[in-house]
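Heads up, the next two complexes both have subunit A, just with different partners, subunit B and then subunit C.
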Partner chain A sequence: MSASILQLLVNGIALGAAYALIALGFVLVINAIGAVNFAQGDLVMTGGFVAVILADWLIESEAWTTWGLGVLVLPLTMVAMAALGILFSLFAYVPLRNRPPVSVFISTIAFGMMLQHGANAAFGPDPRNGPPLIEAGMVSFGSVGVSLQQISVIVAATFLIGTTRVVLFQTQFGRQLRATAQDQEMAEAIGVDGFRSIGLTFALAVALAGAAGMLLSNQFFVTPTDGGVFMLKAYIAVTLGGWGRLDGATVAAILIGIFEVMVAAVVSYVVAEALLYATLLLVLLLRPSGFLAESIQRRT
Partner chain B sequence: MTHPGQRGFLLTAVFLFAPPAIAFAAGDYERRVMTLAGIYALAVLGYQLVFGRIGALSLAQGCFFGLGAYTTGLLGIHFGWTFPASFLAAAIVPALLAFVVALPVLRLGSHYFALATLGISQVVLLVAVNWTDVTGGANGLYGIPEVSILDRSFSSSEAMLVLVWGTLAVAVTGVSAMLRGRASHRLSVLRDAPEAAASIGIDAAAHRLALFLASAALGGVAGALQAHSVGVVSPAVAEFHVMVTILAMTVVGGRGHPAGAILGAVLLVHLPEWFRFLEANYLIAHGAALLLAVILLPQGLAGLFQRWLGEKPHFKPHTDVSSDRNIPAVRRASDGLEINNVEKRFAGIVALDKVSLRISAGEIVGLIGPNGSGKTTVVNVISGLVAPDRGRLVLDKQEIGAMGPHLRARLGLGRSFQSPATTPTLTILESVLAATSSNHDNATAQRLAESCLAFVDLSGWGVEFSGTLPPAKARDLDLARLLAAEPSVVMLDEPAAGLTPTERARLANRLKNLAEAGLGILVIDHSMDFLLPLADRVICLASGVIVSEGRPEEVARHPAAIAAYFGEGRR
Partner chain C sequence: MFRHLMLCATFCTATLVQIVASPASAKDAYIPIIVPLTGFLSLEGTAQRNGAVQALENTPEGVSATYEVLDTATSPEQAVTALHRALDRGEPVAAAASIFGTQMLAMLPVAKRAGLPLVTVSGTAKLTELNNPYIFRFFPGDAVVKVAHANYAVRELGAKRPALLYQTTAYGQSGRVHLARRLREMGTPLVYEEALAPSVKDMLPALTKLKAAAPDVILLHLHSAPTALAIRQARASGLDLPVVAGSAMHQPSTAKLLEAAHLKGVCAESASSPVSESVAKIAAFTREFRERFATDPDAFAMAQYDGINMVLAALADGASSAQEVRNWLAGHTFEGLAMTYKSDGKGNMAHDAVIICYDGETLVPTVVKRYHNVDGVL
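== the complex of A and B ==
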């Protein structure tokens, strides 16, 4: 395998792994409340800016050096974003919980719009550079060198996805979240605090979006208008992976990342985008339930 | 006291006239702002058709807006088309795109519909940005000619204001004419109870397509007027924030009434003027308005007028129908309904195996069987909701297997569902009117609906909203609506479930009366007590196979039927 193809593959997996974090948060909310979170992309963007601010502040206040900065900023960003997630659910979901899911579609669109233009007002339209997760460098596989940055992004995303899965599937807390997602009334009948479960699901989903925002902010910078693209990628991943399936969304997101990087390298980014949308429309036309079977039927 | 219809007209007229009149007097700047409001009101008026009437969250209206702007711009600049011609094209091109994507997109569920329409918008935006030779790329097109019609220039702010609001008035009139009376009721049934809609003969696909095309055309018209009024088209006209602005205006103003389109557009276009400190970030205010409106004003601002507008005329039943309890008109299918060797598998599991049955005119057939034996599947196959793998379906000598559910319903096949579908936005009378054939004039339809309501003892309830009915009355309404479609054969899926013994007896009595008038009736029920005195014949289904058929008392004693209900061991 030539060096460039390996590097491209690593780049693609790194991008896809970040997409997977976004898509995972997106599905968690879909399963919990049966509604699409249109603000997910703008929350990724917000996570990027939070990482930028935190890094600047840590350096300026001399509380930390550049050494290991990214490793510290990532969990801090996630904590801040989890808090934002609770706030988000209080505005965009709680007042609308007894209304049709489309109301929540709209409230999240509104919230996303406020985040986007709020970020524009606060930071301006210029791209900002977030902290790298680790210092730049190369790692060699035989004669082939691969960027250490990308490897670290893949490792961090894999760790977060794995931890999320362990939390969801191996802890009592995760069982409560999933029970609430499957049937809130039933879960409450057996003593689960559904309200709390949904709030914490939002916190987890937004923290994952924030982590993705931080991981992407160094290589791709962050601008206030970034959100729409991220939201679409997650939406497409969830559709291709089977509506409501965590595993399907994760795999589809990684494949989208690889596809995008490869096509962009061979042809152009615009063609990659166009092909992705074309694929999406084709899948909706031919196989509206995605490549894997839907885990939930007609939730919305 | 004015009639509610007149009030709605009055309100719309005030909203159409007052904003431009105020702006006309106010000055050049305000005229331009109000022109923009009128342009957005057109796009919102179209969006209401999809979001309000179909009840689907489309994210393509901004794309249709942009497409209209580019169409008129390109034709005007590159081909020298005059305004009237390029304006017309700006309505047609978006409608064509809508037509092309309608077939796959309109059948999608809400979350996929939103995504698909968003995907289409992204493709259009990519083309606008990247096809630089034609669209001018990110810079866009400059020098779009000013509007002139028959050598009359519309370059002044006064002229554009009049042109835009005049177009809006025409569009509002057209939309209101399209959505009057029963046509509007049918759309409400389609939105709130789609399966019930097909069972009373409403063609879902045709209605949705018409609304989607009209919405695209109105979006295109709005985009074209915008392009001519500012003289420039750039990819910004097709960006997502245009869509969100249109959505915000619809939610703020209200999605159910044309006045809402005007209210929402006028308000949101002026919002940046009132929040000047936000400067270029005025879209924060749009977002906040959208969030507040969706939380606090589920019906939008126009909903505040709803009680005034929505007050229904008092319902006066014709004395002759309520007094002698006439049986509503029933079509007589001399040959009844017959199905032959119907087979259906779901993912390899046999749901129906060589099921044959017939329902003759005037006959009541009971269909019994344990849970999961395939009773509802039989009804779903006959009514067209489920396609069988094999078998023939014939209604009154006519092969119906290839027809859609609504066509079968129009031929005289009616059905009810286990849980009656309600239409919360319609009164009981309107809900029944929606089922009457469009071949009837209004007076005939009204008489028919009233007689059906009288038959189920709902005469006095006509003005109530149908969502407020207690369960037993909701079932009565379901039956009345079914009868208003003038069926020859009806299939009732557990019509007696949850009824008290008195209500069951009343239902049995009504069904007997209907059968005497010539209606063929299939009744699914679990209780032999209910079916024994009622049915002429009973069919027992077990695991998708007919195990026993005959007079009710025979089937009740038949070993196979007993085995099916109580297990093999019991004798």
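== the complex of A and C ==
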């Protein structure tokens, strides 16, 4: 049973790590424009399809073999998705930037629907299998076998989350993004290009969604209608972790992954889901700012 | 730039409407195809659409039919709106209708008022229990396929301790009821069962508990992607027990998600498996389907094809109104590609099931067992 517990724990952390990438992108956009990005789940789905297309293209054009394919596809997917992020900001945010936040979040819903139906029209409704990050197999810790793919997902997500944190908190570029997110007018008054910063924030957020989509597409396949589930998980992670808190969303997302898997293993999936939503309701009722409240309390 | 894009979008939308909508002329029979092409049942809905279109583009001599395709998406309201739109556009003699039971339940009263026969492949048991004379189901219901499912596991594989994973949806719960009942009747009750929401991705928790219950066969009654996930994760976690899955496993798109080796010891129930059949008529259907739609047909596509062909047979036999078509469907026996169809008086037209198995070397299954006339209607 201890072997099972370790495998379950690894699965939970891997799932939570992918959720964390989604939640991280979600928070970045909330901070940048003050509106919820309801297309985040569909952007994850799009990332999965982009990874499938890139992998197929690399193999069919004989530009690459299956060996190490995922390691190449991951950054390519992120680059393609970053470009989509800039387009997303131009279509869903820029024309509405002087309107109330409700206009922007409705436009993100519309953009998400366009992605979903676009994927359905372009690729059909069949589930697709994305490339593995590394080859399938098991790694043994004594008598315990753990999936190599799951470990690689955890390592990749940790690297991306860590890199995002370094970029945001230890580079001039990151300071500009955060300054714009805190107060765009003030940031522009001291010479920061707010328009460019918001576009790049969208690019970063959507690239992270794309990375999550690629990592999930091999483990769990990808279909055009997958976005809703990921969106919900990101929303719950951000609510529990604290609106606007990158660290809170990351920790909450990983805990949600572990919670889902472990409660489902001990009781059932239905109970796990019910408890998760009950916790969300309690947090909204008793601590609407989340476990790690934002210091300036802008959104609660 | 923005204005140009808007103009382009408007033009494209208008063009699309022109292509999709082909208004009926006075002499042609009008048969709308009202199925989910977007949303979570788009895979099955697209198969329905393709099967119906293939039948309507190959009408028998002397019969001329037009059709249009209307998307019901995911909600009952959209399905009812689509049905109303079809009724407004002409005088349909029948309609190919959604595989989604919840949508069918909403469409049935409208069809009854309009006197329009609905030809569907939806498996929801309730549809044919409402005394609505306008429903005709061309895919075997759970009372047929789940009996075959349980019989194969127990009588052919010798299972004594079956375990079941099923979906939390109406589809899953209906199948679970019939499977559990049949297994109890045979003296081999389930030793473990768990319901999974379609959104569940990591199935290791359920498989861990399933393993602890020491079953000798795994029964699955899940949708397409969850079926593939369950099999792959079971094999990855060392669970090499035989698997007898629901009809989702017979879909070629499900098998494509897995490596052939994962499918060793995997069987599934279905109404038919077009890609497995070498009978000339079915092989010709499969070949034409692949050429027309660039994908493999599944049992849903072939059942819908058979259903619309029975409507066309009614027209060829002289039926000219919706009521006459309904009466013909209710009173005749029809030799389709998948099986022989005959109404049981409630609109259940399909009474056969097959079991397909994979050999672990290819993704094309073999039909290993045929169950004819399971409910004794024929």
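Operating definition for what follows: the second predicted complex is superposed on the first by the 289 of 300 C-alpha atoms of A that agree within 3 Å, B and C clash if a C-alpha of one lies under 4 Å from a C-alpha of the other, contacts with A are read in each partner's own complex, and residues count from 1 in each chain.
By definition in this document, a residue touches a chain if its C-beta (ideal position, glycine included) is under 8 Å from a C-beta of that chain, and two chains touch if they have at least 3 such contacts.
Just so we're clear, the structure is a prediction, and the values are computed from it rather than from any experiment.
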Given the superposition on subunit A, are subunit B and subunit C in a clash or a fit?
clash
Is A:Phe105 contacted by the first partner subunit B, the second partner subunit C, both or neither?
first
First (subunit B), second (subunit C), both or neither: which does A:Ala278 touch?
first
Figure out whether A:His117 sits in contact with subunit B (first) or subunit C (second), or with both, or with neither.
both
Have a look at where A:Pro95 lands relative to subunit B and subunit C in the superposition and call it first, second, both or neither.
both
Is A:Val79 contacted by the first partner subunit B, the second partner subunit C, both or neither?
neither
Touching partner for A:Asp126 - first (subunit B), second (subunit C), both, neither:
second
First, second, both or neither for A:Thr223, with subunit B first and subunit C second:
second
Which of the two partners, first being subunit B and second being subunit C, lies in contact with A:Val270: first, second, both, or neither?
both
Let me test your reading of the model: by the given contact rule, A:Leu148 touches which partner, first (subunit B), second (subunit C), both or neither?
neither
Candidates 2-10, 272-280 or 434-442 of subunit B: the single one with C-alpha clashes against subunit C:
272-280
By the touch definition above, which subunit A residues appear in both interfaces, subunit B in one complex and subunit C in the other?
95, 116-117, 120, 228, 270, 273
Over in the complex, which subunit A residues touch subunit B? Could you list them?
30, 36, 91-92, 95-96, 99, 101-103, 105-107, 109-114, 116-118, 120-121, 228, 232, 235-236, 239, 243, 270, 273-274, 277-278, 280-281, 284-285, 288, 298, 300
Taking the complex as given, what residues does subunit A use to touch subunit C?
4, 7-8, 11-12, 15, 95, 116-117, 120, 124-129, 136, 138, 145, 147, 216, 219-221, 223-225, 228-229, 260-262, 264-265, 268-270, 273
For the subunit C and subunit A complex, residues of the former touching the latter
2, 37-40, 42-43, 45-46, 168, 194-197, 199-202, 204-206, 208-209, 224-225, 228-229, 236-238, 253-254, 256-257, 295
Seen from subunit B, its contact residues with subunit A in the complex are 57, 101, 104-105, 108-112, 114-116, 118-120, 122-123, 126, 130, 240-241, 244, 247-248, 251, 278, 280-281, 283-284, 286-288, 290-291, 294-295, 298
